[in-house]
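Below are structures written as structure tokens.
The following pair of complexes shares a single chain, chain A, combined with chain B in the former and chain C in the latter.
Moving on to the complex of A and B:
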């Protein structure tokens, strides 16, 4: 074991400390990408250049709510459409023609009046408003958060304008548990996953293939250092690099973007470890099946891009056609990322997070075992 | 013919390597076709042959990098298929092509391999042996071809091996660097090491080896002490010359555009005839060497 650790450190020195390209892609690129993504998409969360399409369904005419809505209609950022039937509005929501639907109960006005009266006596009554949104759709989640905060503000302003009650506060009951949407937080697990996948798809197979192509592995094989020890060293070396990379990423996330401390929880860390294991084995599987580094590059890049863009990393892909969506469901990254986001409080839309990732793990272990000698490039 | 060849060349009569009827075929190519030889402790054994003769395949089978199709290989008196780790510690290997890690220094590379073997010389001792003391802190990627070859030799020696495999250790080196490596190999023999050397340089085999085994198309064509091989060939004199345009020397091998080599047993009769033609220049008469023997035995040159 001492030999493996020492060899890993020498590899780390060779691959990451003294080779700038190695350290750039693993240590610095994730930070830069995180910065870029939050800079670009962070603006959306602040409402720049965005229109939220809001559907309002009145079960019965509501003077109070219409008064509130009239204030929103003056804002460019809102596209408010009224519907007679809730089914009609929900259909539009499902078809992504609306971002959020507000259902105003027939008893809204009376409930609202009671709430105001009770508020005078310092008692509180919640007024039911149903808000429908699609948590998997970023814009829908954002619209829901915006509507929620506006409702709270607007209701106070309305009653101020009536001139009757200046300090009345009425709380709306919003049947949701999703936390306030924050792009920097939402993207954080995606950047973590991308870093893990970079190690699996690039660092591990390239490191082995490059040493195999340059015949360094053959020199090791004639020494008392075995194939298994070499592969273990490569994995350890890359895990060390990943550990440093994630430490930098976690520090940046927590210090600059206030990413919640839940990312330090055992549940979050366990998912990261699972991802590391799966993608290390996938990397070894590629290098055991393919000989030439140029071919490895093509396969690794293709799989990396496919798994990243069809893994719900940066935008929703679950509303795509089945011609593409099938890959989302066999993609282990989809499940690990969903679990990571679920741990952070975002809505989780997949039920079984272990089946597909473990299937990949078992399959890759099997293939690596069968092709073990090819990993080192010997007969 | 050579299965029971006895070595009488200053060895210690202890067989370190024993190879019997070794075969390795790739589809239709007979890379190694039933070769047998022994190597005695403390001797230098050179496997000499042109590119593609089967030298590297043979040495890689002995090193454990390739599987043999049939035949027997004994190292240190033990029949081996997969060389056990303990035995690997007693063996040093310089592969024909082996790159080290570009971003490690010479000292770090030697130190790394010393740790892998768990025994051997100190880094400085090996640096001195292979003349790389002043390069200990240089990154491998900044070394010249000769320095890389010496580093590979240093790595082969770091574990203080009893048996050393050197696969074409001087290929691609300039004459000065080659002489330096020869000196190191001679010193190793003086220290009692057993050395298995492959080369396609006739002069290298002749200068270094106690026993030369000439191989072509996977078969041994001659084996013995260099001077014995030459004596057994019956060759007496080699005449090399340059010719003036359109003149062809009958029975001579063309070496270059207008350079020829003629191997004769009766120079006193042939030479006057050649000179009489008036179409030759730079005529050189010398004793035959291993390359001449190779040419006689195979009909082609070592460089072909």
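Moving on to the complex of A and C:
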């Protein structure tokens, strides 16, 4: 055991301390990515960051509409610009300099006054307002929906000003477990999983393949240090790297983003250990099936990206077409991540979290056992 | 001229024989394309479905059915019925006269946004119904397609993915090649050979242009055949954009290769640059959604301009001719200057 621990430490120094790239990807890159994700998405859920650029075209001066949008001008969410010619505003919309264009007809004021006066009678008159948007641009579609909602709210406000208006009281709450939806908390398990996968797909196979190419593994076989001990040392070394990486990540999450203490619970930690075990075995499986480092790099990179983006890490992939959804369901990361998020109080999408991850574990152990000689470069 | 042709031929052959280079130039961007294509091809709302459980009176049910959005309203006879199915619902709603209770169960960022939007729409609808509010304003939605073609959000996104792949293959391709040449001692051999620096730079650039063009056309082909992408390509302008942006990113790749002795360090820095570009260039996430301070950062991202130029050349976005040529000229001039500097440094005789 002492020999294994000593060799693990040697491997750790070699793979992570002497080699900057090893330490960079495992220790620092997760922190950088977490910082970027929280900077971008941190305010989106609450609508803090979003700014909609709205162009208002007045064919003729409209006191009524100007009054309607006047209170929006003070809001940070809206950047309102006025235009006299519709073509000029539409050109800006097409060039992505505006998100939406509202066209206010030259007869708006008179039609609007008539519509309000007739509203209380049995007669009906409506005033059209054109909203131009670019459907292929997400921000433009969203801006259109927001402007539409605001106009409808204003309509209700006009009716409220007539008096005798019955308000609807909406009592809105979030489920007890997720009192405040926080993107920094939501993405935390995704970064943890990404770190585990980086170790499984890159650190473990590269470490073994490099030694195999240098024939070091063969030399180990004729030494008193056996192949099983070597593999165990590689895994232990990477567990140590994961421990350090997660210590940094947990500290950052808890200190700067107030990630709840539940991440220190045994359930959360056990899921991490299970994840690490599965991805260590997948890493060994790759190295047992593929000989050359360049091919390992190709397979690892492809699987890493596919499992990350099709694992519900950053966006919901469970409503995709079955042509690709099957991969989401056979991806062990989907289940481990879902369980990690469930432990943090978020709703789980899936019910059985153990079947697929264990299937991968058993399959990879089986393949590694059958191809063990190839792992060590002896055929 | 002949040394340029020989070098270009030789470097191109070297690239296509290198499994890693070919994978990261041609296959890797394709993986991204297929993943993002499958995720986003349904449109911004497309396949999203928010399951909302509702307990309300019969007359309100009919009005609620007029609510437009991605919500799937499931009506229950009693609270206990809804409670039994709460695990599968994104929100639970109880409507009784003038009061509404909503329990939201956000599962991700998009769900949260949709649930907030649902709450707002529901309040407006109920207040209008309760007070007999007649429509005063009628909103008419007018779709404008920036490039003149009826396209989907996916087509727009794809152009950005192509831009990112051009940039990454330009930058990483050169870093890999330079590291490889340095390791094999090829650069040293060039120094003592009569090969002119200009031929070396042009040969390297030309072989990269061919690969970038190949990658871009394969991606467009895949998006047309698999995802039914619609493009109205201006071939000449498209090639100009690919040449100028590849040149610009190659120069950045060479600068990184020369700045860092270790190829892995250069690769790491390039990866950070690419990650930042992915998030702050407006390709995957609209720039207007970024925090105001970070929006400034997007102005310094080459990917932002290349994505705009690629969309323009594929007929997906409008852009003034002046703007288009300005972007390409800046890339061409900056790229050429940096490449010349890089060739001076890398092929400088050793003292």
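Criterion: the second predicted complex is superposed on the first by the 246 of 379 C-alpha atoms of A that agree within 3 Å, B and C clash if a C-alpha of one lies under 4 Å from a C-alpha of the other, contacts with A are read in each partner's own complex, and residues count from 1 in each chain.
The rule is simple: contacts are C-beta pairs under 8 Å (C-beta built on N, C-alpha and C of every residue); 3 or more make two chains touch, one makes a residue touch a chain.
It should be emphasised that the depicted structure is a prediction, and the values quoted were computed from it without experimental measurement.
*Asks:* Is A:265 touching anything from chain B or chain C once the two structures are fitted on A? First, second, both or neither.
*Replies:* neither
*Asks:* Return first, second, both or neither, reflecting whether A:10 touches chain B, chain C, both chains, or no partner chain.
*Replies:* Once the two structures are laid over each other on A, A:10 reaches chain B alone.
*Asks:* Once the shared chain is lined up, is A:53 touching chain B (first), chain C (second), both, or neither of them?
*Replies:* In the superposition, A:53 contacts chain C only.
*Asks:* Looking at the overlay, does A:215 come into contact with chain B only (first), chain C only (second), both, or neither?
*Replies:* In the superposition, A:215 contacts chain B only.
*Asks:* Could you say whether A:139 touches chain B, chain C, both of them, or neither, answering first, second, both or neither?
*Replies:* Once the two structures are laid over each other on A, A:139 reaches chain C alone.
*Asks:* Check whether chain B or chain C contacts more residues of chain A in the superposed model.
*Replies:* C
*Asks:* When the two structures are overlaid on chain A, which partner does A:19 contact: first (chain B), second (chain C), both, or neither?
*Replies:* both
*Asks:* In the superposed arrangement, which partner chain does A:223 touch: chain B (first), chain C (second), both, or neither?
*Replies:* Only chain B; A:223 stays clear of chain C.
*Asks:* Applying the document's definition of touch, where does A:247 land relative to chain B and chain C: first, second, both, or neither?
*Replies:* Neither chain B nor chain C is touched by A:247.
*Asks:* Quick check for you: in the superposed arrangement, does A:113 touch first (chain B), second (chain C), both or neither?
*Replies:* A:113: touches no partner chain.
*Asks:* Which chain A residues come up in both lists, the one for chain B and the one for chain C?
*Replies:* The overlap between the chain B and chain C interfaces on chain A comprises residues 19.
*Asks:* Any idea which chain A residues touch chain C in the complex?
*Replies:* Interface residues on chain A, with respect to chain C: 19-21, 24-25, 29, 32-33, 36-37, 39-45, 47-53, 90-91, 93-96, 99, 103, 112, 115-116, 119, 124, 126-139, 141-142, 144-145, 147-149, 151-156, 158-159, 165-175, 178, 181, 183, 186, 294-295, 297-298, 301-302, 305-306, 309-310, 312, 315-317, 319-321, 323-324, 346-347, 349.
*Asks:* Would you tell me which residues of chain A are touching chain B in their complex?
*Replies:* Result: residues 3, 6-7, 10-11, 13-15, 17-19, 214-216, 218-226, 378-379 of chain A touch chain B.
*Asks:* Would you pull the chain B residues touching chain A in the complex into a rising list?
*Replies:* 63-67, 85-86, 88-89, 91, 93, 95, 97-104, 108, 112-113, 115-118, 139, 155, 159
*Asks:* Quick check on the complex: what are the chain C residues that touch chain A?
*Replies:* My answer: residues 19-20, 23-24, 27-28, 31-32, 34-36, 38-39, 42, 44-45, 47-49, 98-113, 116-117, 119-124, 126-128, 130-131, 133-146, 151-153, 155-156, 262, 264-265, 267-268, 271-272, 275-276, 279, 285-286, 288-292, 294, 308, 316-320.
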